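Each of the two complexes below includes chain A, the first together with chain B, the second together with chain C.
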Partner chain A sequence: MQAADIVTLLVNSLTWAMATFLVAAGLTLVFGTLHILNFSHGGFFMIGAYAAYSIADALGGSGSMAVYLFGSLAAGVLVALLGLVVDRLVLRRLAGVEDAYVLIATYALLLVCEGSTKLLWGLNYHSVMPPAVLDGAWIAGNAVLPKLSLFIVAAGVVVFVGLEYFLNRTGPGRLVKAIAADPWMARLLGVNVRLVYTATVAIGFALAGLAGGLLVSNQTLSPTLASAFVIQAFGVIIIGGMGSISGAFLGAILLGLIDAFGQWVLPGLPGLPFFVAMTLILLLRPQGLMGKAKH
Partner chain B sequence: MTHLDRRSVLKYSAAAAAMAGVPGLVRAQSGPLKIGLITPLSGPQEFIGSYVRNGAEIAVEQINKAGGILGRQVALEIRDDKANPAAALAAARELLGAGINLHTGGISSAVVLALGPVMQQENGVFMTCGAGTEKMNHENYSPNLFRPGDAPDARTRAQARLMAEKYPEVTRWTGLVPDHEYGRTTWSIFVDALLEYYPAIAKKKPVILEPVLMPYGVADYRNGITQALRQQADGVFNCTYGGDAITMFQQARGFGLMQRYKVVCDAANEFLIARGMKQQLPPHWTGMHYYAEANKGNPMSDRFVADYLAKTKDAEPLGWAAEAHASLYAFKQAIEKGKSSETQAVIANLKGLTWDTATGPRTMRAEDNQAIKDVELVYIEPAATDKGYKVSQYTKVDGKSVIFPPSPGKKLSLKTA
Partner chain C sequence: MHTSRFLGGGQRRDHLILLALMLAALCVPGVLNRGLVFIAGMVWINAVFGLSFNLLFGLSGVLSFGQAMFFAAGAYAAAVLTQQMAVPFVAALLLAALVGAVLAALVGVVALRRSEGVYFAILTLAFAELLHLLIANTAFLGRNDGLAGLARPSLGFGSWRVDLAAGDNFYYFIVLACGLLIAFIRWIVDTPFGRALQAIKQDPERAEFLGIPVRLHRLVIFVLAGATTAAAGALIAPWAQIVTPELAHWSNSTNPILYTLLGGSAYFWGPVLGAVVLSAVFYLTRTLVGMSDMVTGLLLLVVVVSLPGGILGLLARWTRPAPAVRARVAIETEGSR
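Up next is the complex of A and B:
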């Protein structure tokens, strides 16, 4: 294995990791605070991607970085508004309900997302080109580093740093963490827990929409996009520790590295190292990398 | 007074029951002829399944407008198989239980292979509209399964022969192969054909590199793309398909992978990649079940295209629609030939049948229920047009010259097996 190969594989693994983290971040936030595993999260990521595609199309295409970023942010805002509706109509009613019913309800929501997408945008596949500044690759010796890959890595890191800063260094963020830890005590201390829950849902959905927009050029746009990341998103959340943003971030990087280097070592068995790694990590640390062990 | 004994009561009751069934029997003979359409209408294959459905519905409308089959109007009983064998089996059993013995649809290889034994057990007939498995004509052969469209081996071998004819200097070949049965088999057939045609036509021995196995149904192909970059092949044969193929091609752009090859040959995506990527697509050869432009002047094709446009506002129906269309016309002709829609009569009359389709006449080979049809190959390039692409080359290969001889019940024998 040459240095160029190592560099390329590192960038590939980080690209996979950050794309997965971008999708998983909102899911982890909502689960960590409301303890609801939102099975429809992929559906809202998909809606965000389609929204960003339509916005860019209306503004003359995604050729400009400004349009691309604007489309992503606008998609985040749109999906956040959808999140408020979903919270009002569905998620509030799932508080204290058995996990099985939560999964059924959020799966039904996913079907609504897929059906709506088909109705609004049809069945055709779409391929959205990245902005001109992200097209092509940097060549470092023999290593080929696509600019879009580097953008996705940077976006994932920015979202992670932003979320960590929000949760640990701001008042509202610390409030979210406090309510996640002990909502009863928070209520006793006069905190409007319901309002914080609603805001958390909005942020979680906004992250899904933003991820959809930022990743719209990464893969084909189709009504099956919701399921494209779901396995790996749930994988990094479980590995990282349910509800831990930093755990999801580290879990994504770890699994990305294992997947990339695993395919180098075992090219005839694509995907196997990912599942073997997940199994081993859960056997050794069932609570996940950053989760708290149950006693 | 007439004496009614038990024997008489039983006799007259049986007669009455039989008479009560007669109107139903008469209605069944004169009511619509129901044909099952089992195809993916949701899930990852829904996009292609929608073409199958449209093609079948157009065929039924055309047939009914012309008087139906043996004076009976045709009605489709449509079921969603979700490209999943379990769902397909449930749908098939439901329709067979309701007395519907003729079926079409099925684009998933796993579905078609699962349906073969059931059709045999329950006395039904199934026609696939695009499943790529060669096993249905070989070790998994069932007399009740038919393929009215391209033989997968015929198309793949035609592609390899074309590469030897047009690109004799391209001798280092690799494959981008999805890690499942269809992908691996298609690659094996292509390699087998390269090993046959390059020495014969180009007078050179091809170098076959280890194919890059791509995961199926994922959103990231970068590791596979990187592997392919390291190989330094001159030609590549892509077996990934649908949304996976578009994602893979899209991500490969960032690496400049496709630009490194002297020729890109795609197994079966028709215009899917071209429509998705438009002006960004890499130039490539691909196989078509049906290319409308090349079949202009064929009255059946012209009518099919016009009806398809009127129904869907799509002026370029993809091949799966044409295969569904062809399957209904095959049923029509087989039923009319045998004057019966009963399963064994239809099977007997499908075998050896030559019938007209949108691509011209086809013949259903009696030995293995595989149609022999000409292979259509196109070279697609990006273009500054509304569509974003154009077909700059078209080749029609005589199907008889590339199809393997029939060997139902036996495993396909390849040089690379």
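Up next is the complex of A and C:
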């Protein structure tokens, strides 16, 4: 294996890692605060991607960077609004329901997402061109660095830094962390816990929609997008420790590397290293690499 | 909110219900067309799939999101044994159940030891996806295309032979085999072992103190459910005449969950009713892509959010206004006086 191959492999695995982290960030935020493992997160990510695709289409194609970024942000806002509806109609009623039923309820939501996507956009596959600025690649020696990949890696890092800054350095963010740690005590101190829960859901869903918009040209759009990505995101937050943003970030990078190098060693079995790693972590360290022992 | 006791009728009443269902099912080919007979056969298989899942969920309080791995294992075992090794079908059926039991024992030994609740659910999902990937990448299992053109077998006992490929014979065989499997599952519920599982579901810690080996009991029921699930899977191979890796995909693991919750997880017959209702939903919405997902998802949401007893719970509420609640209201009004 030459240096150029290693660079290509690294770029590929980091792209996979940051794409998955973009999806996993909202998932782990909602789990950390509301303790709801949200199967439908992948569904809302998919709706974000389709929405960004339609927005770009309506604005005359995805050729310009401005349209691409606007479409992604608009998808984020749209999915955040959907999140408010879901919070009102479903999530609020799940307080006090057994974990197993909560997991099943969010799976039901995933089915609703998939059904609506099929009804609204059909079963056809769509592919979206990246904006002209991100089309093509940089060549460094023998290594090829696709611009879109580098952009996705950068987007992942920006979202990670932004979320960590919000949660650790701003008042509202610290409130979210406080409630995640002890909702009962927060309520005693006069915090409107319900409002913070709703805001967390909105942020988590906005991240799903934003991820959909940003990854729309990295993926082929089809109704199977949701279930594929939600399992990847589950793997990432399990490895990192459910509820931890930095855990999800590191877990994504680790799984990306494992998957890429695993495929290099075992080219006949794509995806296998991912599930082996996920299974091993669940068995050996169920709280994840960064999580505190709780279960 | 959730009924913790597992509700069946007496074993005799449930046997009568089973007999009535089987007799009704035997009339199906006389009344309905071939397409609907095929669906009726699938409903029987799915009913066993759902009942097996509910042995874990409703009876024992264990949520598995990976039951498709046993279903697929049974289907592939039956396909390979009959097609590539010329094993007689009934023997293949029993061997398929054995494959399911062994696989469940392997998965259960590691998974039940290390995890509970949502973690166990995700772990079983990951194991099932591992099997899915292995099947989809194994040459002699047909990779992504699966194994097609599976013949329906013939049964022979001495000089007596039945060709199950002829007419609706295999449908009758499915009704008979599923009836036996359902009777077996019903029997498990009523054994002392089944009672112990209900105790474990209500309070694992207390059950442990009472001397019930909680982990061993969970493993045994996981193995039994794996065996009956694999037997159901083995029946689908000659019925659909094709097995594909999709059988092991995690979305197939959610099917028995849907049947069970929709029908009512606290009731023995819940998964059966759920399988019938969902098959009807799929049939009625088959022309409108996406509608079946939509309807299934919304039904399931309603059940989890406001109707945790499922359809049977709703029926029970209608037919019998709960006396316990009335008594409590009476006490409360008395207290306020």
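Keep in mind that, in the parts below, the second predicted complex is superposed on the first by the 288 of 295 C-alpha atoms of A that agree within 3 Å, B and C clash if a C-alpha of one lies under 4 Å from a C-alpha of the other, contacts with A are read in each partner's own complex, and residues count from 1 in each chain.
Keep this in mind: contacts are C-beta pairs under 8 Å (C-beta built on N, C-alpha and C of every residue); 3 or more make two chains touch, one makes a residue touch a chain.
Quick caveat: nothing in here was measured; it's all calculated off a predicted structure.
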Fit or clash - chain C, chain B, common chain A: clash
First (chain B), second (chain C), both or neither touched by A:Glu98: second
Touched partner set for A:Phe234, first chain B, second chain C, both or neither: second
Contacts of A:Gln219 with chain B and chain C, given as first, second, both or neither: first
Partner chain(s) touched by A:Val90 [first = chain B, second = chain C, both, neither]: second
Partner chain(s) touched by A:Phe275 [first = chain B, second = chain C, both, neither]: second
First, second, both or neither for A:Ala108, with chain B first and chain C second: second
Which superposed partner A:Ala3 touches (first chain B, second chain C, both, neither): neither
Which of chain B and chain C A:Val158 touches, first, second, both or neither: neither
First (chain B), second (chain C), both or neither touched by A:Ala137: first
Clash-bearing segment of chain B, relative to chain C, as chosen among 117-125, 279-287 or 297-305: 117-125
Shared chain A surface residues [contacts with chain B and with chain C]: 123, 223, 227, 268-271
Residues on chain C engaged by chain A in the complex (per definition of touch): 1-2, 57, 63, 65, 110-111, 114-119, 121-123, 125-127, 129-130, 133-134, 137, 250-251, 254, 257, 261, 288-298, 300-301, 304-306, 308
Partner chain C, residues of chain A touching it in the complex: 37, 90, 93-94, 96-101, 103-105, 107-119, 122-123, 223, 227, 231, 234-235, 238, 268-272, 275-276, 278-279, 282-284, 286, 295
Sites on chain A touched by chain B in the complex: 5, 8-9, 12, 15-16, 19, 123-127, 129-130, 135-137, 144, 146-149, 217-220, 222-224, 227-229, 259-260, 263-264, 267-271
List of chain B residues in touch with chain A within their complex: 43-44, 46-47, 50, 179, 210, 212-215, 217-220, 222-224, 226-227, 229-230, 242-244, 246-247, 249-251, 253-256, 272, 275-278, 280
